[in-house]
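Single-structure report; data block below.
In order of appearance the chains are A, B and C, and numbering begins at 1 in each one.
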C-alpha cells in the first residue's frame, strides 16, 4: 500500500473517485452481486442492532412494564417532556457535556502533538507508539478501577500533588464533589484516548505531501507556519474523523463513571448514560430510560452531521 | 523533515516523549505493584511503588482458587471467534460498498453508521429478549453473535475506505481475465487489504476482550464467565472490602494477551490506518 | 405495534402452555404436593439458585454452600442438582431485572429483603403462602421482623434465609489511645470520643452512604422515624425535632472532620472495611460478616463489637438479610420448595453462622451464640432492630435521602430544611 500515496479526501481516495467518475469498475445497476455480499452482514446487523434499536425507540413512548404480562401504557411524548423538566437530567447533561469538551480537545491536541513528535525520525518510534497506545487497548473495567484507586483520598495523585509537588495540601477528595470528580473521570478519558488519536494522526501525517513541505521550507516558513499552511490542511479529513469518533465516545461515557464514582455523591457526577441506566435498571423505569437514550443518540447524530459539514472536503469529498 | 534535526532539538523531543510515556505507563506500573502487595499493605501512605514485602499470593489465588485460567480461555475463545467472523462479514459488506453501485447504497451505509451512535446499554433489554428467542442465553455463541453485530459498523466503515484505495485498474484487469466478483474480493481485495484487516482485527479483538455489560447480562454459569466479569466479581461491591491485590493481579493477567495481539499486528496497524478509511 | 402485541401474546401463550403442560403432563416434580424428602423424580432436574454469597471478598460462605450444604441436599434428594450462581451484589438487581423481562429467572433467588415487594409487584414471584402447605409452620419458626419483609399485598412471597443487623464496631487501639476502655454506649459518649480524637488523623466514624441502611440506626436510636406507622406520610415525621437533633449531631461531627466523606458517597474515601483495621477510623456500623473478611485480610485485627450508641430512642438498629424466593418461571416448583425447606433446617442455618450469617430461626438463637460467642451483640441488637419501609420503591427512598441530605452535610443548607425536602419527596412515593 505504500506505492499509493494517500490522497487528502476524507474516506474517498483518489483512485476510487476517478474510477467512479469513469464508471469502469462499477458493476451495473440491477446486479444481485452486491446484495449477496451485503446480505449476511446486514441481516445480522438488522437483527441484532436495528431491531433492538427500534424496540428501544418504541419503549420511550410508553410507561414500559418489563414483564410481558403487564400492560404498558402509551404516554406519547411524556417521557421526553419529563426529561426536559428534570433537574437531574440537566445535571447529567451538563456533566456529559463537560466530559465531552474536557476530553475531546486534549485528546486532539495531545494526540496530534505526540504524533508530530513521533513523525519522521523520532528515536525508538515503535516503542513509543506501543507505550502511548497501551491504555487504548486495556479494558475499561481495569483502567476505571485503577483510576478510582489513583484518585482515592489516599491515592497516588494526592500523594504526588501534596507530598511531592506541593501544589495542593494532598487532601483533595477528588471523587467527593461534582467538578473534581468529573476532572478525575475526564483524566481517565484523556489518558485512555490520547494513544488512539495519536495513531490516527500518525497515519494521516504520512499523507502530508513532502514536496509541499519542502517548498514551504525553502520559502523560509517557520515550523508553525508550515504546520498551519501544509500539515493542517493535509490532515483535515483525519481531524474530522477523530472529532466525530470522540464526540460519539464522549457522549457514550458510562463504564468509567459507573465504576469510579457510581454517579455519586448524591448524583452529582451522574452522566446521561449512568442516569439512564439507573432509571431503567434501578427504578425499572424503562420508558424514561429509553427516552434519555434516544435523546443521547439524537444529540450525537446532530453533532456528527454538523461536523461532517464542517470538515467536508471542498472538492466533493464525503457528504454526497 | 528530511534533514537531520540539530541534536538539542532531538533530545528535547526525546525528553518530552519520555515524560509523556511515563504518564502513560505509571498507572500500569502501579497496577503491577499493587498486584504484588499484600492486602494489609495496599493502602499505606506514602504509596509504595515497590512492594515491601512483595508477595505472589494474589497471583496464586487468582490462578488457583478463582479459576482465572478458565475465564482467560473463555475470553480468548470468544474474542478470537468474534474477530474472525466480524472480519469476514464486514469485509464482504465493505467490498460491496466500495466496488458496487446499487440503489440505496449510501442510505444503507448511513443506517450502519447510526449503529455507532446508539448507547449500547439501552439495547440490553431488547437484545436480551431476542437472545432468549434465539435460544442463546448463557452461551458463548450469544456473546459472539452480538459482538460480531456490534463491530460490523466500525469495521465496514474502516474497510470500505480501504478497498476504495485499491486501484480500480487491478479489479478491471482481473475482471477481463474472467474473475468474478467473489474471486476479485477473495484473491485481490483481501490480500491487498491485509493492513486494513490488521487494524480491524485489533479493534474487534479488543472490544470483544473488554466487553462487560452484555456478558454480565446473558451469562449465568460460572464456567462460561469471561475475564471482565471475573475482575468485577473480585472488585466486589462499592465501598465494601475490595481485594485490590487480587483485582489487579487478575487485571495484569488480562492485559497480557492484549499487548501480545497488539505487538503482533502493530506493524500493519499504522499502514492499515494510513491506507484505510481514516487516512488523511 | 400490532405485530408486537401479537408476538407478545404468542410468547405468553407459549409460556402458559409450557407451565400447564408441565403440570398436566404429570411431570414428576409437580402433581400432588409431596411431603418433605419424599420426592423421587423420574428424570434428573437442575435447580438454579442465584445469590451474592461470594461477594465482597468473602469466599467462606460460598465455599460452605458449594462444598457442604448443596451436596448434602443433593444426597438426600436423588436426581436433583442445585446449581448456585454467584452474582456481584451490585449487579444482581440488573441481572434479575433483565431476566424477569425475558421470563428467564432462575428457580430460586437469594434476594435482598428490600427487593421482595418489588419483584412480587412485577408478578414474577410465587406467593409461598399459597403454594406451600407447611408455610405457616415454617414461617412461625422465624423471627417475625424478618418474615415481615416477605409480605406484599396480603401474601408472603418468600421465607427469611439469613438475617443480620448493624452494630458499632470499634478499633481497640484507637479506643485505648483516646483513654477509653469501652466503646461509646450513648450518643453523648460517641460525641465525646469524637472530641477526644480531635487533632489526630483518626476520624471518629465512617460509613458508605446516607441510605436507609446507613441512617436508620441513628434515626431510630434518636427517637425518630421516616414515616408514620401506616406509611401514609413522611412530612411531619422525617423532619421531626428528634430527627433534626440526631442529624445535626452527625452533621456537626462531619463538619469537624470526624466523619469520613464516604458517608456522602465519596468513592475515593478509605473504605470502612480497610479504614477500621488500619486505624483511619475509630468506629463503624457494620454487620457480622465483617469478621470473615478481616480474618482473611487483616488477621491481626481484633475488632470490638458493641450495640449501636443509644440515644433518646434507645439503641435501635436496622434489620438486614436475605430472603429466599421462588420465581414464577420455575419449572421445578416442588423441588425448589424442597430446597427452600432445606434452607430452614438447623443444618443449613447453623452451617453459615460462622461466616457471619445469623440464623432466622428463633429456636436456634442460643445455639448460634454457643457456636460463635462473638455473635451475642448481634443477636441482642436484633431483638430491638426494625425493618426499613415495606414499600416497593426502597431504592428511590435511598436515593432521596442521599440527594437531599448530602447538601446538609456539606453545610450548604440547614438540616431541618433538608429533611423537609426529603420528606416531601417521600410523600409522593407513598401516595403513588
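Quick notes on this structure:
Note that in this section a residue touches a chain if its C-beta (ideal position, glycine included) is under 8 Å from a C-beta of that chain, and two chains touch if they have at least 3 such contacts.
Please read all numbers here as calculations on a predicted model, not as lab measurements.
In terms of C-beta pairs in contact, A-B outnumbers the other of B-C and A-B. The chain with its Cα centroid farthest from the Cα centroid of chain A is C. Averaged Cα coordinates give chain B a centre that lies 38 Å from the centre of chain C.
In terms of their C-alpha centroids, the spacing between chain A and chain B amounts to 15 Å. Multi-chain contact residues, meaning those touching two or more other chains, occur in chain C at positions 11, 94, 98, 101, 103, 209, 267, 269-270. Each of residues 66, 154-155, 262 in chain A touches at least two other chains. Contact with two or more other chains is made by residues 43, 125, 129, 232, 235, 238 of chain B. If you check the complex, the residues on chain C that touch chain B are 11, 48, 50, 52, 54-59, 83, 85-86, 88-91, 94-95, 98-99, 101-104, 106, 208-209, 262, 267, 269-274, 277-278, 293, 297-298.
Residues of chain B that touch chain C in their complex: 39-40, 42-43, 65, 124-125, 128-129, 131-133, 137, 216-217, 220-222, 232-243, 246. Listed in rising order, the residues of chain C touching chain A in the complex are 1, 4, 8, 11-12, 15, 93-94, 97-98, 100-101, 103, 118, 122-124, 209, 261, 264-270, 393, 395-396, 399, 402-403, 406-407.
Chain A meets chain B in the complex at residues 1-2, 4, 6, 8, 11-13, 15-16, 18-20, 24-27, 29, 31, 33-35, 37-38, 40-42, 44-45, 47-53, 55-56, 59, 66, 110, 114, 117-118, 120-123, 126, 128-143, 145-147, 149-150, 154-156, 159, 163, 191, 194-195, 199-200, 202-208, 210, 213-214, 217, 234-239, 241, 248, 252, 254-255, 259, 262, 273, 276-277, 280, 286, 289-290, 293, 296-297, 300-301, 304, 320.
The touching residues of chain A, counted against chain C in their complex, run 58, 65-70, 148, 151-155, 173-176, 260-262, 264-267, 281-284.
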